[in-house]
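In what follows, chain A forms one complex with chain B and a second complex with chain C.
Let's turn to the complex of A and B:
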């Protein structure tokens, strides 16, 4: 399936959750071995501690599992290649229960109890927003993988970064030119009636207008709905593109009812894979999606033109050509987002190396070194593609994929340029004191 | 020092929450809500299943009404001897205690990840989910596995006391099952509502303190007495073991085992005191509320967006009230059903006696719902538990050869699994309710030795059970958060 030898030689043994831990135990054994020069290297050989704020329980748990797998895979490779500044990386997992209040407690625990160097890995926006003030107060760098616009908005603080995944505003903006040019200019938007849906509503409408298109109707759906038939007649008849971003357990019902409403005479459909992340695209009820298009951060299915870096990344994390676990074909990954953990860890590595990071006393230097980064080249460290980083708003910008559902797979038909997703920055964290 | 830290943490959390609210109010925020496996269930014809299940429970009542109770009882009393085994209660309990102590230590010094630390996985998945099911299916395994018995025997022997001898203090009769009731509610609150029941260190403090508290109470009031009325796990496990199919009779130094029908041990069961009846109802209320609290219905009722669930911390007050309300409602409806039934046959039995006898029929319903509600968690977290137990202190050990076993979460994912799991759940719910109808019927015959009167007295309770079948299956098929 993949040729992993070129970039990462993982051998044939699969990576399990404990491999990284085992490596650490071996490192500890080495330190205790006779003849080991402890006095000169005790400081520099101590592991870099990364506090992983993980959604192990609560509504984020399905994503948390894959975030953890990706993180462990990246950390194993980093450690196998000599760690960061010659020191092994140790991941300390704390569950935040996908709960903002606990998120803040976990950040405080990392800073004062575990004394980790940084905090990393949060996905859910409300947990990021709940935790960010604590990170700022305790002056501990906080690298999130959340795709929310909250970091880029300038409303968090100088200690919070999102260098491994693009934000929703950028994603939504970047797909508009392709949608207008290929699917149609009259768009009806169906979205859940809360913040997540509003981001799409607020950023897509002006973006499509700039392409000469228009949003002919906006149909917000109350979040507690689990049947959608009564809303579908609100879709104007002249709709060329139906832009849908429904999420939650009702998604399959939504697609099925949409199919029943339209039959074979349907408009073009464009959605965000967030709706069906970790769900088999061939599930009963989703037949209506055949021929429709989705945004994907990183493609779920292996593509014919995958780079060697992409192939190696997939092999290291343990996903097959269908984006499911190599040990469990039913366990579909959160491929569109989880690559962000991998890339974030390599950004942290780069920033720590650039700043000559030695310990918590260098945290401010680490912040400045991260802010000084400007671009990341596509390759083993950034398998999703090259990226540009804006140090003022602490946000990364990259390519987006538009995939078509064909033959039960998602095939990438377009890759946006980085510029497609650029927007005018609204803040500047570098003016805040450290 | 600790107090200062806690105060600081609280202040920080409060500041964080305020900031979060301020930002949430001023800007929009994306969040991902997973199209979970409940999504596949939503596409199944669950309405047909629910109607069919209700009919099945109703039909079982009609069939029972037509069968002569004497024959049923005789049939129910049959036993199939299995032979004798030595009674290993003391050594098994001591091993169990050693394992428990190791797990508590792991809670303090093992991995901080609740899916890698064996303590939360053992307590919540293997013990509360797994052992409860095993007790109800097979019988009183807890009699041996109890981690208090061995240490209690050793300590009492060291102080020269005889097993079963007088305890220093006597638990007054009026106390009944109230201690177990209160402790169970505390446990249920910790499991369902406390923000971090899976946190290894907090759980270690909770279970370690509970062990010490119970041990002290056992030394004070006697092991048997406190296990029956105070220690809620022992009390609960003993009650549901009445439905297990293996019966053990102590004979000399051994145990004589026999196979029996589910619930057959109830033939000898007495009416529970009111506190015991409420204790049983509380166990059903708690597991039902766990399901109910995640439904879009409940969240919508409380103005909470299920697609952007704010986390347990924000739901403590709402769900505490909900849990209490669920219990009160269930107890009130149950009491009303028995009251109306007894009125229908102009019963001369005291209401308390009949209620506290009929409450036994709750057990198979609670057990079936326990199975259905926790099935997915058992299948997935059970695997995490096997992995974690091989390396309890996160030292890279592989004690049982399972440390590197890949956890297959896919067992509970996708449309096919959803169909299979739903069918297993529906079967269990129907089976549990049919058994409940049977149990109630036979208990009614004990109270009213006329087949017609016994059946008539059961009419309201049967309606309640049909209602609960519908409710239980609705909980398992409606849209839920997470």
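Let's turn to the complex of A and C:
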């Protein structure tokens, strides 16, 4: 009522009930007519709204915080350079509590309440799997930065993309040859007992087998576990490489207990930095990791051969040479993953520009434009490196880094080629109707 | 690994779990027993203890043992003070009505948890143990600090037992537990006793947390597990029974250690829950509790 009052300026002309009703009806008609007055306005200058499904609380909160910092840094640059299709980008954040049920609600909230153009940002695989059906039902493009194999598996739907970070299957396939050649062939795997861990379990074993190695034991650990010593006796004595990928607050305990269990007589360790994202590698108890190797998506520590783009990216996000916040050296980033937010936003920008995206009615065009992408060149928009995109499985492929813990730093000792991580696609989203 | 060393490791792990659990559950049991209320925020006092231990050890410089010793004293005191204030400001106002207290302590749980997230952050942060001594057994190595947790916990339990049964404060607490109205008639300041018991319960949880934090890190969501396990222990052991709490903690801790080493951690949780169900059906007052009056 207050709106229509101002709009028609009824105060001057003298308000009767009839005119008021008419005004109301007209106002309602304007609101209901799609793309009429409001829309022509939006076309010119209204911001493109991106719903950011963030892990602000819950087990993923440390990741969520850095995903948010990276996203804000990228959006600032995009806006400073003129936005997308001449329109500024606005990020609307909703906390999903790192919870799949809440995640689905957040996607619905973005679509129906905030009326965002797309949804973006999620990391934890169970949240992605829980939210994807809602994105599909509401036909809102959903760009995740999750690294699980669920997108590439073809089991989600046509509205879900992962264009900024590689998936676990690709990661483990590409590092397996290096592990077999440099660390050992008899591998024991320790992984979290849920979807993300299963991706490792299912795809590392065949990959190492192809290199003449074998997985001698697989030890799943419940994600809520806080003490690990009791699992360690299950590690066979002839293990040459201990492959560990753990997520959550128990990680430091895990490493410490490994150290106490083995002492100096330890197998080679190969881990996924996921375990230690946002954790200082020089924390007490982590001495045991000295000399061990880690997968990193993007290196945490500045490397001697960093590109200009990588340096600019680090400065924009605000991380120093040790991968910690420039304002607080103790605030360690999730550098190995968060670059994915940056790169995904630039992929969204590219796809929106390619499709001439104007508003929610162009969402299907945006999906097709994203699927049509094939390559991303290394540069300011893709500081982690060049990438290949497979539009059929909505998944990007890129380089992986293997780093060694030396002198309290992670130094990259090997960088895989994009082809190392390629596999035969198992699905094709483009056959699904839009 | 052969059977015996495997069993030894499982038992050691179980004993460490039991030691921490016994202290935490004892706090819950005291509050449960004396005040007849369910403190759902108990796990958050545990978490606060750990978070404060981190804050104290990082503020103080010098040998880790010094910072740890200070944390072991100061952190429970702060937590006790917070608990005392919340008892005075919240629980007393709802007059210890059982339903209202549950809702009020759930509220406390969220307030404490979110404040921790806001001011401490989402990271898991380590605390250096007071000493790093690794005991090399013929089959595997074990942390000397973990063994010291068992000893420390046993000492603290003995101290609590002494306070409850051999001192005037303990007598007053037991009198209040036995019959609140009669105690009041005899001039016992029941309100102050409640405040003290609530604070003491929270302090026991905080001490347990300070002991465990060098091997487990402080994290703002760490309170949930101890809360659930403490409830299980208190139900099995019996309301307000010190002996029952300790025995139930040993039972749950050691069986959890052994079952999860030889079978699976999930089975250990299933069995613990099954024991709770059986106790509730066949002996609702708990193994060592007395029937409610």
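FYI, the second predicted complex is superposed on the first by the 384 of 434 C-alpha atoms of A that agree within 3 Å, B and C clash if a C-alpha of one lies under 4 Å from a C-alpha of the other, contacts with A are read in each partner's own complex, and residues count from 1 in each chain.
Definition applied: contacts are C-beta pairs under 8 Å (C-beta built on N, C-alpha and C of every residue); 3 or more make two chains touch, one makes a residue touch a chain.
Everything quoted here is computed from the prediction, not taken from an experiment.
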item: Chain A as common anchor, with chain B and chain C clashing or fitting; value: clash
item: Partner chain(s) touched by A:148 [first = chain B, second = chain C, both, neither]; value: first
item: Which of chain B and chain C A:115 touches, first, second, both or neither; value: neither
item: Touched partner set for A:194, first chain B, second chain C, both or neither; value: first
item: Contacts of A:365 with chain B and chain C, given as first, second, both or neither; value: neither
item: Partner chain in contact with A:126 - chain B first, chain C second, else both or neither; value: first
item: Touch count on chain A, higher of chain B and chain C; value: B
item: First (chain B), second (chain C), both or neither touched by A:137; value: first
item: Partner chain in contact with A:278 - chain B first, chain C second, else both or neither; value: both
item: First, second, both or neither for A:260, with chain B first and chain C second; value: second
item: Partner chain(s) touched by A:185 [first = chain B, second = chain C, both, neither]; value: neither
item: Chain B/chain C common contact set on chain A; value: 57-59, 61-62, 65, 224, 226, 248-253, 256, 278-279, 283-285
item: For the chain C and chain A complex, residues of the former touching the latter; value: 1, 5-6, 9-10, 13, 16-17, 64, 114, 117, 121-124, 126-129, 134, 136, 140-143, 215-217, 219, 221-222, 225, 257, 260-261, 265-266
item: In the complex with chain A, residue positions of chain B that touch it; value: 5, 8-9, 12-13, 15-17, 19-20, 23-24, 26-36, 38-40, 42-43, 111-116, 195-196, 198-199, 296-297, 299-300, 305-314, 387, 391, 394-396, 403-411, 413-415, 417, 478-482
item: Complex contact set, residues of chain A against chain C; value: 57-59, 61-62, 64-65, 222, 224-227, 229-233, 237, 248-253, 256-257, 260-263, 278-279, 283-285
item: Touching residues (chain side chain A, partner chain B) in the complex; value: 14, 16-19, 21-22, 24-26, 54, 56-63, 65, 92-95, 97-105, 108, 112, 114, 123-127, 129-134, 137-138, 147-150, 153, 155-156, 168, 192, 194-196, 198-199, 202, 223-224, 226, 247-253, 256, 274-280, 283-285, 324-325, 327-332, 337
